[in-house]
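Below: a set of structures, written as structure tokens.
Heads up, the next two complexes both have chain A, just with different partners, chain B and then chain C.
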Partner chain A sequence: MSTVFSEEQRDCLQELINVAMGLASDKLARFLNTFVHIQVPAIELVNSAQIPAQFEAQYSSAEAALVSQGFLGNDGLRGEAIVLYQLENAHRIAALLGYDTDNASELEMLTDISSILTTTFLNGLAEQIDNSLSYSAPRVLSSRQNNMTEALIETACHWELALRVDISYQLIHHSFNCDMLLLIPGEAVLNIQQILDRIVEEY
Partner chain B sequence: MSDDWLTGPILEQLSSGVLVVDEEFQLVYLNTFLQRHSSVQLTEAKGKSLFKVFADLPEAWLRRKFASVLELQSPSFSSWEQRQYVIKLPHLRPVTSSSQYMAQNCTMLPLNDPSGRRHVCMLIEDATDAFVYQQHLQTTLQKLEQSNRVDGLTQALNRRYWEEQLKLEVQRAQRYQQPLSLLLFDLDKFKQLNDQYGHLGGDCVLIELTARVRGLLRDTDWFGRYGGEEFGIVLTNTALAGAMEVAERICLAVSSKAVTFNEHSIQSSISVGVAQLDAAGERAHEVLIGQADMALYNAKREGRNRVVSYSAGETEFQLKTN
Partner chain C sequence: MALPVLICDDSLLARKQVRKSLPESFDADILTAANGVEALTILRSQEIGLVFLDLTMPELDGIGVLEAIKQDGLDCFVIVISADIQPEMQKRVTELGALAFIHKPVNPEKLVVILKHYGLI
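After this line comes the complex of A and B, so read on.
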């Protein structure tokens, strides 16, 4: 089974993701009542096995959190979306969402923010390919309680391919960065390739 | 809607709650599960504000959740791990569970009626079982942690945990430049006592002794069983003079009153070595133990049932003359 996307498929995917991000930022801006600028996300297809090492380098120094949410659509589209960020960053938009920054509501805030980012983005993606997604409840792993690298190693080994999407959000007066990882199992990769081929043919 | 005969009854039989509100947060639908648990009748509640019908809802929080579902047309979630319940409801296992209210996982979904008006549908799953297991697990882990720290016979701290605390307290004392003293004491002629009264007699003395000593200590002191009949006490924020006073009191508390065991009256005593922290560096706690041990050795040599302090400069076990 080939898990490598052709150049055409890749371009098509990048385009879909750009549009999805645009839709997501538009929705977020309306919801937060502030201007939201999202940079064109850099996407990269990586072998899942490489992920833990990559992220350990980036996130091990500070307090970080990981929020995972499963998604499931038609035509065998399924996977797990993981949003990673440094907690310091997360506090910044917590204020915008009207949360207290005490420890009790911190986890709740993390799940809400991540869930909004994930579902608005993925809904935008699904919309373009005439699909619709349902989601599992988000789960948080905070570096305060868990070893995140271990968790990533455990998660990543169940999936063939990871689509890494670097997202940088800028709100007026606020900016924050996070990484979104879409982990996709082998057979779903084939299904996505078929979907992409269909779209490429239509144009 | 040819599936109505299916969806209707299934919705009514579902052991999860289903609730629908419109954009003004007025109740549109409650399934049987929710009506029965909350004693709210849909016929009476329909069209009323959700926050009037369920007065103790976390209103501000829920409004924000619903607003995000309506505005973003994407789902929102609430987990019992972060918020035990959204709607305060009794659950069906009051006997087997310690929690009073149903723990809930909630999913809030966007839903449009046939004319396109926007609604929010909230699905409420009963997560009481998971909540109860989690609580059991936490209690068990706490107990386990406790038993991992304590010596089973005497209930004093075990050696491993006590030494960890000594090390931490030494570091703390060094950092904040506070005095710290260590007492090491040993039950005199323990072997003889065991031979005479049996090991149960010996155990009985150890238990009674630790109880008396514990009564003389502050909450901030660390009292641990160092070896068979040897114990250590870390006295935080205490200089040598204060530590000597505590040691004398402990020594007297043991020797002044016999321990009763099987109608025998067992007279016992302890020897105590005292040292104040003066070493620096990472091995300071080991140096301190060595110094208190030297003092204890001298207390034994000088005839037992007494307190001896370590004098600066002593580098080997020595018999004090006079």
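After this line comes the complex of A and C, so read on.
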């Protein structure tokens, strides 16, 4: 990412993401009715073609799920947000939230959590750059029905770039890791750089 | 006389945002720190009247700074400016002695209200 963004641009993007992630954590904490400890998310811009290989080890060895949701804003801003989970902790969190612990309820819970994470996060990001977004309905894929690597390849192939946001949530009694990926078109980089430059100049 | 003010945040953008949000009528001598350790070094070596403190930082976070300020009995006002806006966190920093809690990105009007409220401008 350092080759794509200048140090100032990277600092600016990280701060915008931290603020957006703070909003998402607050929403998630209210939903889970517990305090959510969140670390500063690590961000990295990669070619989307690299994504399946980067996540294969992590999400193919264990039971996993993927929730994807398209977004569309003004000035050609568009992309697809995907959140990847290992299902290991999901049933415990489902029980904590009062969902039934069958597989269908677990996926319903993941859809709810993903929706909070992605829409709150993306709305927070959009607001800071004076944009606003609309979303498509979320799509859930579980490793119980799908091959995760194939699902990732299938999803990632529609886009050129991915902004990787590694999220690590810690609840009081549980830790809960997931990865969020923002898949965006290749030409978006120039657009993002201009937005970041504009913000940096403003201050 | 200018008030010595410390802006502590790991993000350069956030430090600039705070600095730019300060009203012109606020006569301040501004120092900056990029993490909690740097902030404490400054706080222990010179008189600082007011600290704008971020919470999520490397090395030492804002909670750690508040605890050290309390423990060492350092005499300064602290206004927390944070992206972590959970009510629990607001409660925690208030208990640790912070004057106020402001959500990021900092809103200049809100900041002025707080500075006026505490007679800092």
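As a convention for this text, the second predicted complex is superposed on the first by the 198 of 203 C-alpha atoms of A that agree within 3 Å, B and C clash if a C-alpha of one lies under 4 Å from a C-alpha of the other, contacts with A are read in each partner's own complex, and residues count from 1 in each chain.
Here is the rule we go by: a contact is a pair of C-beta atoms (placed from the backbone, for glycine too) under 8 Å apart; a residue touches a chain by one contact, two chains touch by 3 or more.
Since the structure is predicted, the reported quantities are computational estimates derived from the model, not experimental observations.
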(Q) Which partner chains sit in contact with A:138 here, chain B, chain C, both or neither? Use first/second/both/neither. (A) first
Q.
Just checking: does A:10 make contact with chain B only, chain C only, both, or neither of them? Give me first, second, both or neither.
A. neither
(Q) For A:36 in the superposed arrangement: first (chain B), second (chain C), both or neither? (A) second
Q) Between chain B (first) and chain C (second), which, if any, makes contact with A:108: first, second, both or neither? A) first
(Q) Once chain A of both complexes is superposed, is A:128 in touch with chain B (first), chain C (second), both, or neither? (A) second
Q) Touching A:25, do we find chain B (first), chain C (second), both, or neither? A) second
(Q) Quick check for you: in the superposed arrangement, does A:91 touch first (chain B), second (chain C), both or neither? (A) neither
(Q) On chain A, which stretch or stretches are contacted by chain B in one complex as well as by chain C in the other? (A) none
Q: Under the touch definition given earlier, write down the residues of chain B that touch chain A in their complex.
A: 64-65, 67-68, 71-79, 81-83, 105, 107
**Q.** Contact set on chain A toward chain C in their complex
**A.** 8, 11-12, 14-15, 18-19, 21-23, 25-26, 29, 35-36, 38-40, 128, 199-200, 203
Q.
If we count contacts the way the header does, which residues on chain C are in touch with chain A in the complex?
A. 11-14, 16-17, 20, 56, 58, 82-86, 88-89, 103-105
Q: Can you check the complex and tell me which residues of chain A touch chain B?
A: 27-28, 30-31, 97-98, 105, 107-108, 111-112, 115-116, 119-120, 123, 134-135, 137-139
